[in-house]
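Okay, so chain A shows up in both of these, paired with chain B first and chain C after.
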Partner chain A sequence: MATATMTVQSLKPYFPWITLVILVSVVGLLNPAFLKPNSLIVLIADIVPLFIMALGMTFAIYIGGIDLSVQQIANFVTVIATVFLLQFGIFVAVLCIITGFVIGAISGWITTKQYVPSFVATLAMGFIALSLARFLSGERALSMNAEARDATFGWIFERTVGVPNELIIAATLLLLVWFLQNHTTFGRALKAVGAGELAAVASGLNVDRIKILAFALSGTMAAVAGLMFSAKLSGGDANLANGFLILAIVAVLVGGTPLTGGVGGMMNTLAGTLIVVVIRSAMIYLEINAIMQQMVFGVILIVAIALTIDRSKIRIVK
Partner chain B sequence: MYQLTKVNKKFPGVHALKNVDFFIGRGEIVGLVGENGAGKSTLMKIIYGAHQPDTGTIEIDGKTIRFQNSRQAMDYGIGMLFQEQSLITNLTVMENIFLGFELQFSNFGVINWKSMAKAAQYQLKKVNLNIDPSTVTSRLSFAQRQLVELAKVLTLEERIDGDLVILLDEPTSVLAQEEVQLLFELVRQLTNRVSFIFVSHRLDEVLELSDRIYVMKDGEVVDTVKGDKADIDDIQRKMVGRDIDKEYYREYRQKSYDQSKKLVSFNAVSVAEQFYDISFDLRAGEVVSFVGTEGSGREAILRTVFGLNNPTGGQFLVKDSPYSTGTVREAVQRGIGYVPRERKVEGIVNGMNVYENMTLSQLSSYSNKGILRVGEEKRLAENWVEKLSIKTPSVEKDCGGLSGGNQQKVVLAKWRSGGSDVILLDHPTRGLDIGAKEDVYEMVRDMCEDGAGIILVADTLEEAIGLSHTIYVLKDGRFQKCFDGSTGDKPSLYDLVHYMI
Partner chain C sequence: MAITEASGGIISSLKLSRRNTLIKWAPLLVLVVLIAFFSLIEPRFFSVRNFARIFTAASPSLMVAVGVTFIIIMGSIDLSMEGTISVCAVSFAFCFMALGGTLASWAWLSLPFALVIGAIMGALNGLIHVKLKIPSFMASLAMGFVGTGLAMVMTGGDRIRIEDEFFRGLLTERILNFPLMVYVAVLFLLVAWVIQSYTILGRNFYAVGGGEELAIASGVDVDRVRIMGFMLAGIFFSVGALLAVGRIGIAETATGNNFMFLSITAVVVGGTALWGGIGGVWNTLVGVLVVFVIGNGMVVIGLPGYTQDGVLGLLVIIAVILSTDRKSISFVK
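Up next is the complex of A and B:
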């Protein structure tokens, strides 16, 4: 009995990957066409913006918070990218990234310095971003100048030795945040804050700064996601990225980073995002309509939270 | 009428109650005294049903009973008067009195406030409290709240037929002298229907009120004395028990300290509502300890040295210069390490491994431009694991899975490996077994030999006496007396206790 629980415990970190393999096999059996390498690559390349957003969200959830503003930051950024592309060229990307960083940092400041729980702080900042997006876009769907778009961002959607550049970007970012998490003092501090904030304070870490930076990085990644999405669709609109938020949260939680923080991390979010993709393509294959899909993800979210949350860390839930 | 026979209760790692026999008769007032950790609160929890005994029996009027929870205990007439925190301050007095028992005033789920107010008035009258029952509780004084608590417990009189037992847990801690007398008056009046169990740190009050006194130590009842024959000194001796063992506290390793090297100095430092006008010096190689009862300000002093509290007056120097920011970060940078009482919350990060915990306070020493040198971290950890003989399969093992003593060693290693030379120990041996305690005492001596200074808030008085060079006694946040703790010239427990209460 003891050894059985021991093995279950030691397998726990691999649950998301095991789930992924099982899901892929099941979907592959139902629909063998799903497993063709080319269609798989296209499928994965398609969700790169979501994946990047989920990586950012991982920072917020890893420290035990959450960032509900990511979708609106991405919306805002699609508008910024479209409106200012002609004026700034490639530097519009810098503008977008700064926007995401600043909005995230403000959320972090509100959370740490004003003691507003992150879900409220980021929700509020999300509405502010949405409103700015509407204002800047004049509440219209805008299109990028086609020539400028191709000249500036066209390369993203080409391939290098057969691999879509989107995937290369995603892999590079993943490597970067993984390194940040596992090999830097910042990553170590994130873990300490997520697993035991009071001990981190009592060890002399600047916990506020670490938290603010975590939210800023979440905002930054959301901006990168919005930028790529905007370039992909060649336009911007205050509602373009709608539907991303729940998927990004599901990806992080299903990947095994619980809302209570401290465990999991970037590689888990990779697994989680892939699980989301497989489920989504399975639903498309099974002809479940788009409205029902949201419901399914809602249910998955609840189940994932209930399964992963560390109840010993929470005394009161409101 | 209420009787416990051979009650045992074990918690992981602690035998909290050992074969305890306890009896209370009709209308009797029984005192319960003992040091922290003697088992008083566990015994009380068993009496009012919050804990169930592992073995042993509970009898009321000769019938054996087993409570699943405190609500069931109430149904047998056993109530608990909590220290003031059990009232919900934003509810009215009557809502508090009948919290959980509103059904009697409701018609189809709608509460009849008038009848509740009337019933509450009746209860308040029992405790001679003349206030409007619809007053919001937060507007009452602490003494009034205490009486409301009592009124709440006394609703048992109407609900239950037969005798009542009411536990009073430190009921006088927030009361002024004349309020205490009023409460005692009331308690004596109520004994026609109610028996009381009175728990307090203030021995003189226990002696004054109780008919009989149970003295507890290390989970056992060591004596029962009649109230009129009791003697404070005698009870104190029994609470504290065994003679101090010099070997145990490594007194032979206590060396004199370096008078010239001041690590920390307090000059009439105050922190509002915590402590006032405290002055002391900590020198290299010295162990300074603060003793006093809970709330005497001893922990607050440690937290102030560590930058968790900011002084509201006086001068505070660390190595001859004041704090500039008064934050934990600055304290850590200036060589101060804190070993907190809440080891699992503030000491180690549960979920991080041994080397991650050890370097947490000194990440910059193990990184280049923010990139960690994990190899060096592991070597450091392996070094200290060997030095302090920390029992762990590897330095990559989660600290949360280590035993308490080994966790404590990891916390100490964290500070010592980073070169901290002022170590603040807050109940460093709490919850540790004997062997682990002795390891901690060895480490205290080691640190002194290395020229560190230690400020100690000990788990027991014996520990404070055994380990310290200098002992400060505090009471209600104020300095009472300073004792020299040089070997061979150590004060006795009774010397200290005398100034504590």
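Up next is the complex of A and C:
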């Protein structure tokens, strides 16, 4: 019995990947066309903005917080990218990224220095971003100037030796945040904060700075996601990225980073996002419509949290 | 030594009570200042007609905010209202149309039916939170997504029009210039006040919010109180849904839109602390009025609608910061 639990425990880190393999096999059996390499690549390339947003969300959840502003940051950024593309060219990307970083950092500052729980702080900052997006867009759906869009962002949607550049961007970002998480002092500090904040404070870490940076990175990645989404759809409006929030949270949690933080990480989010891709394509194959998918993901979210959450960390569940 | 400790205790409790007095009256002060401010800039703001408009717009949100107040008093949160409201509104509309489509027939049964649906959704929400030990913000957020999806499945994206003149009387019938729905909202506010102040359940909400371990030690069945709380909130969300349908005459998936942030903001701005144990339904009334006076006032003085989201965002942050006793917490997640 003891050895059985031991094996289950030691297998736990691989659960997301095992789940993924099982899901892919099941969907592949139901619909063999799903397994064609080309259609798989298209499917995965399609979800790159979501993946990038989920990577950012991982920072926030890894330290035991949450970022509910990511969808609104992405919305705001689609508007910024569309409005300022002609004026700034490729430098509009810098503007977008700074916007995401600043909004995230403000959320982080509010939650760490002002003791506002992160879900409220980020929810509120999200509404401020929405307000700004509606202001900047004049409450209209805007289109990018086609020539400027092709000249500046067209390369993202081309292929290099058969691989979509979108995937290369996603892989580069994954490598970057994975390196940040596993091979830098900041990464280790993140883990310390996630594993036990009081202990991290006691050991002399500047916990506030680390947490603020985690939220800033979450905002930054949300901005990158918004930028890519905007370039993809060649436009922007204050509601363009709606629907991303739940999928990003699901991707992180299904990947095995629990709501309580401390374990999991970027590679888990890769597994989680791929699981989301497979489930979504299965639902499209089964002709389940978009909003009903939200219902399914809501249920998956509840199951994923229940399975991963570390209950020894929260004495009282509020 | 004992004396210093005792006097220290008295001083800190004095400070605490001064703090509580401030928290109690500050929101009302803000409301009065806001009304004075908007009235000075635009005299038309201060008219019976405009106040009727504000109260009518605020009635559905007041019900939703009152529902979530119970949850916040316990120190938890409920973010499921948008989904619950949509499901209740749509269920009500289907039932109403199926039973004859007018309140003068058996279709009146669809009113209690909607409340039952709200109670079921709320209880489910509470059960998931308590039994699976998932933090309430996440359990309820997920349930909200499920609810919105469910409403979509039920309607297939269609809108259901309710044109019955008796039901629409909620909006069209006026007593002393205020539509009937305002009186319905006031009635349910009084019900909520009675539950909060004169029932064991109401006291237990404060006991759980004031200190869960103490509540357990004194024999409160905390799990049961929590589930009952979420169920009660679900019923009030359903009342909000009925008023929202009465106001617009349409039930659809989008009926629940915008209620989440609006009601949470109202509760927090009214002075019910997110940490639990302080505040109540009267605070929420003040909070809802603050939110809707700002919304209405900004339009009346000519500011565009989108400024409201931003102002509410700032307001909720400021309100939480002001209601937080910084000395008593070491960190937040």
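By definition in this document, the second predicted complex is superposed on the first by the 318 of 318 C-alpha atoms of A that agree within 3 Å, B and C clash if a C-alpha of one lies under 4 Å from a C-alpha of the other, contacts with A are read in each partner's own complex, and residues count from 1 in each chain.
The rule is simple: a contact is a pair of C-beta atoms (placed from the backbone, for glycine too) under 8 Å apart; a residue touches a chain by one contact, two chains touch by 3 or more.
Since we're looking at a predicted model, the values are computed, not measured.
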{"item": "Fit-or-clash call for chain B and chain C when the two complexes are aligned on chain A", "value": "fit"}
{"item": "Which of chain B and chain C A:I61 touches, first, second, both or neither", "value": "neither"}
{"item": "First, second, both or neither for A:Q114, with chain B first and chain C second", "value": "second"}
{"item": "Partner chain in contact with A:I309 - chain B first, chain C second, else both or neither", "value": "second"}
{"item": "Centroid geometry (CA): angle chain B/chain A/chain C, rounded to a multiple of 10 degrees", "value": "70"}
{"item": "Dominant toucher of chain A (residue count), chain B or chain C", "value": "C"}
{"item": "Touching partner for A:V79 - first (chain B), second (chain C), both, neither", "value": "neither"}
{"item": "Partner chain in contact with A:M221 - chain B first, chain C second, else both or neither", "value": "neither"}
{"item": "Partner chain in contact with A:L259 - chain B first, chain C second, else both or neither", "value": "second"}
{"item": "Which of chain B and chain C A:L190 touches, first, second, both or neither", "value": "neither"}
{"item": "Partner chain(s) touched by A:A202 [first = chain B, second = chain C, both, neither]", "value": "first"}
{"item": "Touching partner for A:A124 - first (chain B), second (chain C), both, neither", "value": "second"}
{"item": "Minimum distance between Cα atoms of chain B and chain C in the superposition (Å)", "value": "5"}
{"item": "Touching both chain C and chain B, counted on chain A across the two superposed complexes", "value": "198, 201"}
{"item": "Contacting residues of chain A [partner chain C, same complex]", "value": "64-66, 110-112, 114-121, 123-128, 130-132, 134-135, 139, 197-198, 201, 207, 246, 259, 289, 291-299, 301-302, 305-306, 309, 311, 314, 316-318"}
{"item": "Residue ranges of chain C touching chain A (in the complex, touch as defined)", "value": "74-77, 128-130, 132-139, 142-146, 148-150, 152-153, 157, 212-213, 253, 261, 264, 268, 274, 276, 304, 306-314, 316-317, 320-321, 324, 326, 329-333"}
{"item": "Of all residues in chain B, those that touch chain A in their complex", "value": "306, 328-329, 331-333, 338, 340, 342, 345-352, 356, 359-361, 363-364, 367, 370-372, 374, 414"}
{"item": "Contact set on chain A toward chain B in their complex", "value": "183-186, 188-189, 191-192, 194-196, 198-206, 262-263"}
